[in-house]
Each structure stands twice: as structure tokens, then as C-alpha cells.
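Two complexes, one shared chain (subunit A), two partners (subunit B, subunit C).
Let's turn to the complex of A and B:
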């Protein structure tokens, strides 16, 4: 009796074993790095197809709008990717976006500067703020979290100072109290338009351009190599003759530059410079970078991951809004999905 | 058992601690084999041996850090096994660390009672009795000459020497009877050392036992009641210090034949490549104000093209610091100068040094050598990125080719140039670190423990490579804790002790005894 039980048990074990062997090719397939990187996106797309209210997911317009809506966050995430690869963090990007948006509205609408100098001045201002953070971190050895937290608060104050606390828009009050409307410069309508017969927003093209620039830097240029080495092991990098100080300046400077690009896009889309703009954007941008798979410990990751992360976050938002999921619920769900995606990557290791 | 009494004279008293038949292996590698050791009340028992003899492992077993071992430990005559460092500490074994175990930001009194806080009666141990802690702390600090210390100030406000005494006061507060001191004087100045020795005298008088590890001959003979020698993880012997003269002690510590074969040196010596003149280096952070702590004092050195110069020195001798100093990792030196190929060389930063043709293989490949998150090819070119990226663009094909060349020349076993170095074996990782420096075509190679953690086969390959490189005209300065390696590879040997050069030997003059003696004594024989 007992023997039969045991043989039966053994047979069951063998069967389990056989089934596991059958699953092996599938498991191996799932282990591949690119499969694992793409898996969360595929999952999100499947959810999109399943919960497909009004068949909106099959319309190109949905995807175009998703891209447009995620572009500003994505541009911030580009700069952040560079910083995070060096093992740092930049919390100031949201505030810098607000500051640069206000500055851009100020010089181009109120001062009526031509487009080129206006854009240049704003880009320089954003980079300068980033360089200050970088200097605090590399020369004065402040922790990136603290230094950029200080910059975050400072830049928000700067935005409110130059705007006088008001939104900078076409409408200005004349001394006698009557409103007057200024012209909106052409640069606003150019950037806020769509190309390819309305199939692609210009801000999305700017986003892709930022991705491309950062991708070239990280993958093809000497300084990109330095960014990875610094984040991978700062001591080894320093002892190998890599100029750590300048590497960090570069990372935070470019992060500031990207924030300024995002600030211009934001101002253009809102047709004004809102001193409160970009509040909390840094968190979404960090989520994009991390969900893509770039490690917060530094040294690992890349632009394609960030592109992926932007797509995941973008689709997630879009799907939730298509299906009219209430705001409160949407936030909870987003939090949960960020955790799930990052846990998934831990398993990946 | 009934004869156990504290009034007995130290010599015959029952041991506080006795360890017998202790064996220990780490992942199959035997570090201790059948070692015994005992400690009597009122004695300083010196544990002697070369680097890697097993001293640290033995005291870690005694202090509960390693709870897995073979053999037996008797504490006050009772068979016991410590389950954790805390367990050993509660039962009266206190380790005074080389690296302080105090928490810098916490106050003196909180440190002293950390993990064994005094609590108010009836509070279930939850409510700290601060008054009682302060009272007790004051009492023990007074005893150690720390009468004017502010118990509420964070320990980081105090000097190393005071911290050292705070650790001892902490041990007393925990009613320790057994003190383990591992190179406690390595960071102390002479008057501070005297102060520590007085305290050790006090502890002895109170019937405590002290296990003392030191690489300094004068210290050993100033303090030791008895000496136990370990060598290659084996027990060699125990003797009264008075009956074990220094030459005999050194023989016990070495006592083995050179058994490894080293490839014959073929390189021809050329012109002087590296010259160090009167170099003195301060410990980082100890500049100007307060106590200036010297890592290296007035060291001069000369290395010719094709030559391997060995730097002998035990822990704390400053030989690794000398490397860091020459390479610029400690910033500009306090005194002295360095010349490369007869040209004065401004020591500024590692970046500057790499450009001037210096290469520095650190002893910790994972911590300061490689970037583990990057692949093999990128690690190989890490120190020569500008050379493969004309105009700023990295030429990946060239990088792959360079990596492939080194993979072949150094017989690195890897799946390809894109394998992550974290997945390579220790020996292959070490070869990647070496390849990185050879790729910079250095004039001088500073090699710190080039064969650490590398298997025998790879070791020989590295010896052969060093030979090749010197033939090509590179100059090598070598640090290794393995005496046979030092003697077998070096054309000349310079011995260092406490940051100074104590002796220099030609290949023919050098013997294990002479080199070890020079590395342990303040002046050459």
C-alpha cells in the first residue's frame, strides 16, 4: 500500500518535472534582457487593448496625444537619466521648468524679443542653474539630494520673483487698470503645432531630438563613457584619470539645459509662463527613468530605457483617462504600477 | 574547579580563555588548522605572524564574529561557543578595533552603553537611566585618565587617541575581562602610545588578560608576557617573551622554504625611470591644525627601466600610502618631489599622473580598480579613453580590437569583450585591471598586491607578464604581502616601517629573515 503511494508520488514528481522542462524554452525566452525590458510596456499595451473604451486605442490620435502629453516629462527625464547614471539625482528639474517657462514668456511675450535670442537666453539660464548644482555637489561635496533640493526651492522662488507671482501671459494691465492683449510671438504657434499632416506634435519631435542627443552622448562620446564610469565606481574612475569634477558639472548642466527646453515647451503649450508650472514634475520624470530600468545606484542604464519608461508612463496615463478612471484612483494605480515595475527589474538582476 | 580563585599569582592561574584544536575554512580554503591559544589573567599574550598567518581569523573566532569553526573554546573553564560579537562582548570579551567601532555622531556616554543600556528599574528595560549611565561612565573615564572629557559631546570631537581610550572605557563599563587589541598603536603618536601602555599595565594589574597583535618588534617586547606564533594558519608555538629572542621569533614566523618557482629575470636595466626624493605625506584631513599624522616620512626611492623594486612592509608601514602619494591620490605631497625619466613631475591628481605615464594598480580591484558594472572592453580602455576617442567620439571597433589583443596577451578567460567584469573570476578580473594600465603604455607601474586573490596558475601568468613588461622597458614598483613573491620577483627590496625606509637589499643580499626584521624594526640591524 505504502509502496504504491510512493510510486504514485514519484510519478507525480516526474510529471511536474516534465511540465517544468516543457516550460523551459518559455522561461529562457522571458529571461532575455530585451524581453524583460520590453515586458512592462507590452503589458501596458495589452491592458490598453483590453480596456479599450470607444475603441480609442486603435486611433492614431490617441497615440499622438499620448506622445505629446508625455513629451515635457520625457525631456526632463533625458537630463535626469544623465544625472542618475552618474549616481546622482536632480530634484530641481520641475522648478527649473517653472522658472524657465516664466523667463521665456517674459522675454518673448512681454519684451517681444526675437525667437532666437529668447530661446538662447532661457537655455543658458537653465544650464547655469544646473551648473550651480553640479558645482555644489562636486566641489563642495554636498549630497546631490540636498544640493538639488535647495536648487528646487531657490528656482521656484526665482520664478515667482521675476513673474511677480502672476502668470505671465498676453494679458497685461495698463496703469489705468484696463487690460491689454499683447501679440503671441510666432515661435509659440510653431512649437505648439503638429507636422506630418497633423500626425505628430512638434514638442514630441523636440523630445525625440533630446533623446537622440543624449543617446549619442552616452553611447558614442568620450564624455558619455565618463558618465557611466563615474556612476559605476567613482574611486576607480578617479584613479583611472577620469575628471570626475567636470563629469558631474556636465551631467547637472545638461539636466538644467533639458529642464529649460522643457520649460519652453511648457510655456508654448500653455501660451503663458506659470510660476507654479512643473510642480512635482521631477517625480514623474524620475519615475520614467527608473521604470525604464536605469539604476538609481548609477552606472547602469541608458536613453532607450528612458524612452521605454516614457512610453509606459504615457500609455498608463492615457489608458486611465480613456477609461475615465477617477483622478484619485488613477494616482493610487500609478503608484502601484511604479512599484511593480521596479520590483520586476529587481527580479531581473 | 573549586581551586578557581583570583588571588593566585598570574603565572599559574586558570586561563581566562582557552582555545584548542581550532580549524576554520572559508569556502573550502583552510585558514586555520588545529590552532591553540590560551590567555591567563594579568598577562599580555602577543599573537605574532606574517600577514595572512591567520591571526585575524583566530581573534574573530574568539570575539564571536565567526561562530562556525571546529575545535573548542573554554571561557573561565567552561566550554562555550559565542554566537555573535554581542554575545562575546556581554560575556566579557572586548575587541579594541584598529578601525574604531564607535559611532562618531553619538555622545561618549551613549557609545559606552550602546547595546547594553542601563534602564530604570520597573521600566522593562525601555526607559533609559541616564543619570546612572553618566555616573558609571564618569567612573570608568576617570580611571583611564579621561577626567576632563565631556560625556555628552559626540565622540567625533575627540582625537584618535582619546577615542581609543573611550573604547577601553566602554569595555570596562561592559565589565570585560579579556581585551583583544589588533594593532592599536598604528594610528597613535609616541606619547599616546606611552599612555596606552600605561593603561594596559593597569588592566593587567586588575587581572584582565590582553590578546595583542602587533607588527612592531619593540612593542612586542615591551608588552608581551607570552608570545604565540602562527604561520600559514598553523600553530607554531607559545613561549615566554623573555625566552624567545627576536631572531628566534622571526624564524618561527617564517620557517618555510621558498617553494614557488619564479621565472628568471631577463630584463636589462636601463636609465632611471622613477626617482622619489624626501617624500613626506600627511594623512588626509590631518593637515595644518591639530595633530599632523604622517603616513610617509622622508622616503627616497629610485627605480630604473626594466627593474622591479619590491617595497617590503607589514600593515601600517605606509607602503601603499607611498603609492597613493606618488600617484597623486592624496593630492600634492607635503614635502619632497618625484621625478619621472629625470624630469620633475608635479604630483597633483591621478588624472595628471596617468598623463605623465604613471600607472597604479590598487590592492582592491573591486573597490578602486574596476568598474564592475561595465564590460571587459570598457574596463580595459578605462584609463585611456582619450586615445580611442579622437575628437570625442569613441571608436568602438578600435576598443574591441584593443580588448581582444589584451584578452589574448594576458590569456584572460572571458566570453568576449562585452562580458561584464563582475561575472569574471578573480584572477581574470585582476588581469583586466592590469590590462587597463598596460594599455596606457606607462613608464612606471606601481603594483599593489598584483596577485591577491588569484589562483596559482594565474599568479604565474602575472609573474611572467611582469617580466615581459620590464623587458619592454617599463619600471615596476611592487608591493606584496607574500614574502616568497617579494624575494622571487624583486631586483631590489626596500623595507619600510611606520612610514620610513628602514633598509634596502639587493636581490643577492635579501633573505626572509633580514627583510622581515627590517620591516618590523624602527632601524635597520
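Let's turn to the complex of A and C:
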């Protein structure tokens, strides 16, 4: 009797084993890094197919608009990816976006500067702010959170100061209260246009270009490896002769530069420089970086993850929007789906 | 050097001469200068005050922080201003400091948003519901009683957002106007553009877009223009600020912008009346105007 039980038990164990072996290929498949990274996107796309809002989800225009909408956040996320890989954080990107958007509107609409110097000045201003953060963090040993929080507040104040607290647009009030209209510079309509027969927004191409530049830096250049090494273990990186100070300046400087690129893209799309622009964008940008799979602890991650994260967040917003989901549900669903997607990504044996 | 000395003496004389008149100090407590409409309110106060050399206005901005505004009002009481203009962030938490000022003998004019109770001199504000209703009736008239409308709403947890929505729905009641898409754009232009893109993707024909504020309507216009469909529909917004709504109407972007007056100029007018000892009513509802292409240059048309 006892023997039969044992044999029975063994048989059961063998059966379980066999079943597990049957599942193994599937589990192995789900374990592959690229599958795990893609899984949340697939999940979100399935939601889109199910709730396709009278087939609006199948129209290319919806996807093009999604790419346009997420581009500004995505550009911020590119710079943030570099910073996060070094084990830091940059909270100032949203405010820097507001500051650079105002600056760009002011020099190009109000001062009527030609496009090239206007763009250059704005990019330099953004990078300079980033470098200041970097300097505070690496030379003065401030916590990245504190240093960039200070920069966030400072840059917002700067945006409000240079704009006088008002939106910088084509309409200008003369001292006697009568309005005057300035021309919208051509650079605005060029950047806020579409190419490839109207199938892709120019700002999306700028986003892809930013991804490409950062991808080359991280994957192909020596300085990219320095960024990972600094984030992985700063002490051993320093001992092995990596110039930590300059690595951090590079990361925060590029983050400021990307914020300026995003600021220009924001200004052209709004046709004005709004001193409040970019309020809270840093959180969405951080979400994009993290959703992709880049670790907030530093040392791990990459640009393609960020591209993926942008697609996930972008599609999520778009799907909720085309279905006209009321705001309150939207917030709850976004929270829920983000958690589901990240859990999905973490499937383990 | 001599010239400089003469100038200084002259300045000093001018200052003493001015101090000889009875000069009033007015404290202006603004809840948030992060919004263009409130920037305009301060500008309206300033423009009206500049016409009267015997008043000086001190401005404080609470940066959208209720507690900061509470303490700023107390600072005004402590420095014994002659009159207080308060545009409160919220009713309940700002009632005690306003009441303290009033009881300390400082006349208080409350602008735009109310406080509870009756410890203030005068409330001046516009009526969002009424403006929404007028806008709804204008839409019915303009579209000939039927059509597809997209409504891009302000923050729906805020009273202005709720009133601009419910007023509009009262205005279109009984007509064949259909709201085919509605979304909360939280007063923000980039959000309005996003939501409008979704409205365009899901609706083959739209007759009119109603933005709860002008930047919202403008964002919707940019989305429709990017889709090549801006000619298909009209755009209407609320606020009618000179650099925003009125400018968009002049440029032919909005068909109409309904003014939500700041009352800044009226507040100064009333302040002078109070300071000269006149009795003023407890509440004033501001009239508002509609700006269209035909009337924007002549100052808009008053709504009845």
C-alpha cells in the first residue's frame, strides 16, 4: 500500500516535472531581455486594439499624433536617461523647458532673430543651466535631487522674470493698451510641420535624432562606458581613472541641452513661450525612462529602453484620449496599467 | 555735480509736496500670478490706480498657496493699509484673515472668488454660468440650431470649469446641438491640442469647438489646422484677454471670445468711493462682453 502511494507520488512529481518542461520554452522565451522589455508595450497595444474607438486606433494619423505628443517628453527622457545611468536624477528638465521655450519665443518672435542664432543661443542657455547643476553635484558634492530641485525652482523663476509673467506670443500690448501683432517666424512653422506626405511630425524626427545621438554616445563611445561605470560603482570608477567630474558635467550638460531642444519644440507647437510650460513634465520623462527598464540605481539601462518607454506612455495616453475616458478614471487607469506593465516586465521563474 | 544736487533737491521737494496730500495705501493680495488672467487683473488694477496719484498699491502674490495668502493678508493688516483688495484662492481658509481685516476697520474688497460670511465690504465678480449660457445661446444661433460640438473643458474639479460647462448646457438646451466629444484639458493649451487630435480622429464632422478658455480653443485650432480641417469648424473660447482671446479673434482664429472680466479697474473705482466715505453695495456682478471679428476693434458687445 505504502509503496503504491510512493509510486503514485513519484508519478505525480514526474507529471509536474513534465509539465514544467513543457512550459520551459515559454518561460525561457518570456525571460529574454527584449521580450521582457517589449511585453508592456504589447499589453498596451492590446488594450488599444480592444478599445479602438470606432477603429480610430487603426488610422495612421492616431499613431502619428501619438508620436508627436510624446516627442517633447521623449526628448527630455533622452537627457534624463544619461543622468539616471550615472546614478543621478535631474528634476530641473521641466522648468528648463519652460525657460528655454520663453527664451526662444522672445529672441525669435519679439527680437526677430534669424533661426540659427536663436536656436544656438537657446541651446547654449539650456546646456549652461545643466552644467551648473552638474558642477554643483560633482564639485560641491550636492545630492543630485537637491541640486536639480534648486535648479528647477530657479529656472521657473527665470522663465517668469524674462517673460514678465506673461506668455510670449505674436500679440504684444503697446503701452497705451492697443495690440500689435508680430509675424510668426518661419522656423516655427517649419518645426511644427509634417514630412513624408504628412505621415510624420518634424518634432518626432527631432526626438528620434536625440535618441540616435544618445544611443551612439552610450553604446559606441568611450564616454558612454564612463557613464555606465560611474553609475555602476563610482568609487571603483574613480580608482580606475575615469574622470568622474567631467562625466557628470557631460551627463547634466546634455540633459540641459535636451531640455532646450524640447523647449524649442514646445514653443513652436504652442506658437508662444509660456513661462508655465513644462510644469510636471520631469515626472512623465522619468516615468518614460523607468518604464523602459533603465534602473534608477544607475549603471543599467539604455536608449532603446527609453524609446520603448516613450511608446508605452504615449500609447497609454492616446488610447485613453481617443476613448474620451473621463479624467478621474484616466488617472486611476494610468496608475493601474503602469503597475501591471512593470509587473509583467518582471516575470520570473 | 551741481546739476545733480539741484535735481536731488527738486526730487526731495516733489516728494514732500506729494506727502502733503492725503495718500492712501491699498494692499492687493493676489492668489496666483502664474495665470495670464490674474496677471491681467493686476495690470487692470495698476492701470486704474495710475490715474489717481493719491493712492499707492502694494502687490503681493501668494503663488497659488492658500496659507501664503493667509499670512500675506495678515501682513497687510499689521502694516495698517487703508484698504485691502483680495482675490482669494479658496473661500473657506481665507475667510478668517479677511474677517480680521474687516473687523480691524480696514475695508476689504473681495475680487473674483468669494469668501464665506459677510465680513467684507464688497464682493466683485463675474458669473461663469451666465457667460456659459450666453455662449451656448450664441452657438445655437450661429449654427442654426443643430450641429456637432466638441467641448474642451477646464479643470472639472474647479468651480469655473463646472459653471462654464453647466451654463453652456443650459444655453443649448432644446436645440439639436450635439456634444460629440468632451474632455478635460485642465485649462492648458498643450492638453487641448492633444484632446482635439483625438476628437478629430474619432469624429468625421465637427461644426464647432468650445474651449472653456481661449488658450484651449487656440490649442484646438492648432490641432485642426495640422489636420487640414480648421475650415470645417468654428472655434469659441472664454476669457477675452487682450493678448489672447481678443488677439485670436482679430487674427480670425476664434469666431468669438466671451470676456470673463477681471474687475481690477472696478475694484479701484470702488476703493476710491469707500475711501471717500461713500456707501457701496455688498455685491457687484460684472457685465461681460463678446468679441467677434465685427466688433473687436470697437470694444466688443455687452451681453445682456
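Operating definition for what follows: the second predicted complex is superposed on the first by the 321 of 349 C-alpha atoms of A that agree within 3 Å, B and C clash if a C-alpha of one lies under 4 Å from a C-alpha of the other, contacts with A are read in each partner's own complex, and residues count from 1 in each chain.
Definition applied: a residue touches a chain if its C-beta (ideal position, glycine included) is under 8 Å from a C-beta of that chain, and two chains touch if they have at least 3 such contacts.
Please read all numbers here as calculations on a predicted model, not as lab measurements.
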Partners on subunit A (subunit B, subunit C) - clash or fit: fit
For subunit A as apex, the angle formed with subunit B and subunit C - C-alpha centres, to the nearest 10 degrees: 120
First (subunit B), second (subunit C), both or neither touched by A:179: second
Subunit B or subunit C, by number of subunit A residues touched: C
Overlay on shared chain A, then closest C-alpha pair between subunit B and subunit C (Å): 31
Those residues of subunit A which subunit B touches in one complex and subunit C touches in the other: none
Sites on subunit B touched by subunit A in the complex: 327, 329, 350-351, 353-355, 360, 362, 367-374, 378, 382-383, 385-386, 389, 392-394, 436
Interfacial residue positions of subunit A with respect to subunit B in the complex: 220-226, 228-229, 231-233, 235-243, 299-300
Parts of subunit C lying in touch with subunit A, wherever the complex brings them together: 33-34, 36, 39, 47, 156, 181-184, 186, 189-190, 193-195, 197-198, 201-202, 219, 222, 226-227, 242-244, 246-247, 250-251
Complex contact set, residues of subunit A against subunit C: 53-54, 56, 59, 61-62, 65, 69, 160, 165-167, 169-173, 177, 179, 181, 192, 194, 266, 269-271, 274-277, 317-318, 321-322, 324, 326-327
